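Okay, so here's the structure we're looking at.
In order of appearance the chains are A, B, C and D, and numbering begins at 1 in each one.
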Amino acid sequence: MNERVAIVGIGWYGFRSITPELSYKEIMYEAAVRAYADAGIDPRTDVDSFVTVAEDFDEGTSIFDEYVPDQIGAILRPVETIPGEGLHGLATAYMQIKTGLLDIVVVEGHSKVSNILHPSHITAYAMDPIYNRPLAANPYFIAGLEMQRYLYETGNTHEQCAQVVVKNRGNALLNPLAAHPAEITVEDVLNSAPVAEPLTRLEIAPEADGCVVMVLASEQTARALTDKPVWLLGVGWANGSFNLENRSWVDLDYVRITGEMAYRTAGMRYPRGTLDFIELDDTFAYKELQHLEALGLCRPGEAGYLTLEGVTSVEGDFPVNPSGGSLGFGNLLDASGLARALEVVLQLREEAGTRQLPDVHIGAAFGWRGLPTTSAAMVILGNED
Amino acid sequence: MTEHITEYPGTPLKERDFTEGKVLYNWWVPKADYAWDAGVAIGKFLAGLKEGKILGITCPQCGRILVPPRMVCSDCFVPTDHWVEVRHTGTVRMFSITYVTWDMQRLEKPLIPAVIELDGITPGMGFMHLLDEVDRDDVHIGLRVEAVWRPAEERTAAITDILYFRPLKEETS
Amino acid sequence: MSLTERLRFFHEAIAWKGEIPLQSRYTVGVAGERFLRELRDNARLIATHCPQCDYTYMPPRLYCERCFAELTEWVQVPPRGNIHAFTVMHLDLDEEPLAEPEIIAFVQLEGSDGGLIHRLKEVDPDEVYIGMPVGAVFREEREGSILDIAYFRAI
Amino acid sequence: MKMRRVAVVGAGMTKFVRRAMETADELTWMASKMALDSCGLNLDDIDCIAHGSAPDSFDGVHMKSEYLSPGSGGWRKPYIRCYVGGGTGVMTPIHGWYHIASGLFDTCLVVCEEKMSSCQPHPQGAFLTIFDHTLERPLGPNLLWIFAMEMNAYMHRYGFSKEDFAQVTVKNRRNAMHHPCALLGGEITVEDVVNSPEMAWPVQRLDVSPISDGAVALVLAADKVAWRITDDPVWIEGVGWNLETTYWMNRDLSYPRQVEFAARMAYEMAGITEPRKQLNIAEPYDPFNYKELHHLEGLLLADKGKAPAFIASGEADIDGNLPVCPSGGLLGVGNPIAAAGLMKVAELFWQLRGEAGARQVPGNPKRGVAQAWGDLMQVATVITMGV
């Protein structure tokens, strides 16, 4: 088995609410060309396997992996599509390299969510067809139920959730990649239109188009290719209970298990003290708090307080979502996890420009597949040898 | 099968079990509507169709003229360049004569889908379309065909701006 | 290098409209048949109990997702329980504003570890609270669907 | 650096039926439970789940993996789905293989499911949306079109007759008579096949495998763990997968290059230099009868254009020196897309353990190859196993 695996190249296209100037094939090509240039490789000769992340109904095409190989230079090569979170794709590439059979693996994930005319109908089509879908309710009700119960049990407040939006969309102002930066206040968030009380419109991450491609390599190859390898120290992923009626609405078992696996594979016993920062899913504002607590990065009920106190801001002791998170960067559906990981790589390579965090060595990216799933994945990255 | 497994799960049903109420079931029609960005290559191809042109694009490295056009050459992974107008005649490379629609309704008059290799560009380049004005027995691999266009004012920048391909008449050879 | 050519004018950008045209027919399954026929014929709710995990699945399942054992023990569950969580919905499936906001609640049914997600009616949103006792209102004309329960209301 | 060895230690499957009463999730559980029972394990002994299923439009659920996670045993476990069209059935055990070979896990439940009958008005309609949304769908294509064109190209190149292809349907349906889960086992004749109704010339009704619902599951275990679970583990010796260009209309469809590339990858890993001698059983993907021949050539088990002669020679029968599709294949057992490919891998598992009952290939076979195909004539997934 290969010992260690590193990210040796990153490339992206986007991120904006619409991308009418290019087709999905063309944004994939743009991101892939940048990643291959960054890694210094030619996909036609150097890459052993390609992993892409896509869901048929997000793309509007069945068996979407048919439409993937040409634009990322992968024809007549091993190519596999993972219908899952972008970080599930990263974990798959990690496993493929660790077997020793494959040396360089490319991971691709994109969003053309602007091409979906009725996104809520697509999300509703993922719900249980016998017990939940017949209600024909907008799937945001799941987030409404979860947020209400979460605030009720943990004592976090709606203002603290609003502060997450203020922080993340504010962080996005310093991130040229982000699609939805904004200077807003807690009052703006609390007064925005109610969607699924207590959830308001501004607490829902606005969608964005874009593509992320990453090149991973085994240790030996990574050292040959780049002097700034970003090591995959730990990986973790897990599912919870799919049915709405038997899942825990507050302490998310699947997030806890995902974190435990990632920490274990990274040999990390005290994550809060070892991680310098984290990029984690904030598809809904309350989710950032809920995920922080479920990942054991603060005590239950403490996440809201830490956010209001500024501990999780870019100047704070434990920055959360310096990229702007999905709220500021834009919700890329299943590719969101790759956008989180992209930020962690940029920070660890000290290429994050004006939002560069000082002296960072270990960061994590956590992704959730969004409504109505209980499926999460996480990677822990480091820049030290 | 492991010999000691004797009974396998799974309860087969007949279509009438649904109509006769033997099993309960739910129905759902997803609103899965999309507006896919055509982008540069296909956008220009569609615009060309509206003007009654079939456009291809060239790979500078391997020299192939690619139809349908694409912004990257699949073999070379090099960006393509130099648009080319392609002739409206070609050769049938593959075909079928189908008596069922996409959702398996029976057709009296068969549809004849075919892959047409267009003249004057790299062998194999072309696209799938329908044949018409031809008897099923006359269709063969190698049949020379020409495009039949929708009247200009009715064209909408779509693959269906070409109505169909029909056998080439005036080919003298 | 990347694309050698890009669009110059916005009007050059074409979006091709289309759909995935299909309809889906779902059998309700082994557990669903028994649950929904009982609901239709007798306006009663039944659940499956896993003796090993001592977990009562509502809605009932053919198997326990925790220990994977087949569930053969059916138990009666009263059509009432307490609100575990509720939300006031303002958007419909098309993300258009609802004419009237509606309440959707997760009702934990007595004697079960699960419950049902359903609409709450005959109550004003600001009178609803977590823990509130509610009961199912059954339709007269039932056909073996979760919608045979019209809604839940305060009891 | 030696790769960690991974074995199949258990398998289970449901009947393949045209319309199942059970929900997709219940079918998935039935196969998974049988696989665990077959090797005396329970869900707690499983470290991770490798799930595989094909178009969501069949079962009628978006993000189908989430809906099927309970039935796959995914509750509070690492769980990833892979999906490469029809090739998923053989991609999923490869997906499971690198879960364990990476060193992250010791045991893995591999499960594939498809419930095509939920797709209305006819499951075939779902295949409209595998074509390009802008340049092909407006023509109203049916999946039969592209199969018919490939069959046509293959026939045209070598001058095959429909009888050459019909013999495959006859062989596989005969073999399927001994498969307890088979949908179409039975004795038919070449004449029945060549006189069956024309659907999309040259494709006729009995050239095609049936729409089906079904699920299959395997249990994989790492080297030492496998020996503790069973006395005869079946080792995954070679894995290979490959994807051709999207532009099927620009390709010569008479020969599947991607199958050859995937086969070479798997043979190289398994140390197979002369596949025709070293392999004792072959399960090429047979959604259509001509495809079995097409894939035998791609798998380097028959010379180009010579596959029909190889089948006619009787060498491919159960008692031949290289039995092909002893399971009965998709044509006989059924074709619930993702589960169909995994049924072939399960067949190798039972055959190489001598547990195939009435279908058992004599002369205790040592090594077998299973292959799946998918997408627009485009993906190949190959796995070789041995004892």
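Criterion: a contact is a pair of C-beta atoms (placed from the backbone, for glycine too) under 8 Å apart; a residue touches a chain by one contact, two chains touch by 3 or more.
Because the structure is predicted, anything quoted here is derived from the model rather than measured.
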| item | value |
| --- | --- |
| Of A-D and C-D, pair with higher C-beta contact tally | A-D |
| Most distant chain from subunit C by Cα centroid | B |
| Euclidean distance of C-alpha centroids - subunit C vs subunit D, Å | 36 |
| Averaged-CA centre spacing for the pair subunit D and subunit A, given as whole angstrom | 33 |
| CA centroid of subunit B to CA centroid of subunit C, Å | 41 |
| Gap in Å, rounded to a whole number, between the CA centres of subunit C and subunit A | 28 |
| Per-residue multi-chain contacts in subunit A, two or more chains | 20-22, 26, 29, 57, 60, 62, 69-70, 75, 115, 118, 121-122, 124-125, 129-130, 134, 241, 243 |
| Where subunit B touches two or more other chains at once, by residue number | 11, 13, 23, 26, 28, 30-38, 40, 42-43, 46, 70-71, 74 |
| Junction residues of subunit C, two or more chains touched | 1-3, 6-7, 13, 15-16, 18-20, 22-30, 32-33, 36, 65, 93-94, 145 |
| Subunit B - residues contacting subunit A, complex | 26, 28, 30-43, 70-72, 74-77 |
| Subunit A to subunit B touching residues, read off their complex | 19-26, 29, 42-44, 57, 60, 69-71, 73, 75, 112, 114-118, 121-122, 124-125, 129-130, 133-134 |
| Sites on subunit A touched by subunit C in the complex | 20-22, 26, 29-30, 33-34, 57, 60, 62, 115, 118-121, 124, 129-132, 134-138, 140-141, 144-149, 152, 193-199, 241, 243-246, 249 |
| Residues of subunit C defined as touching subunit B within the complex | 1-7, 12-20, 22-28, 30, 32-33, 36-37, 93-94, 144-145 |
| Complex contacts: residues of subunit C adjacent to subunit D | 16, 18, 20-33, 61-63, 65-68, 70 |
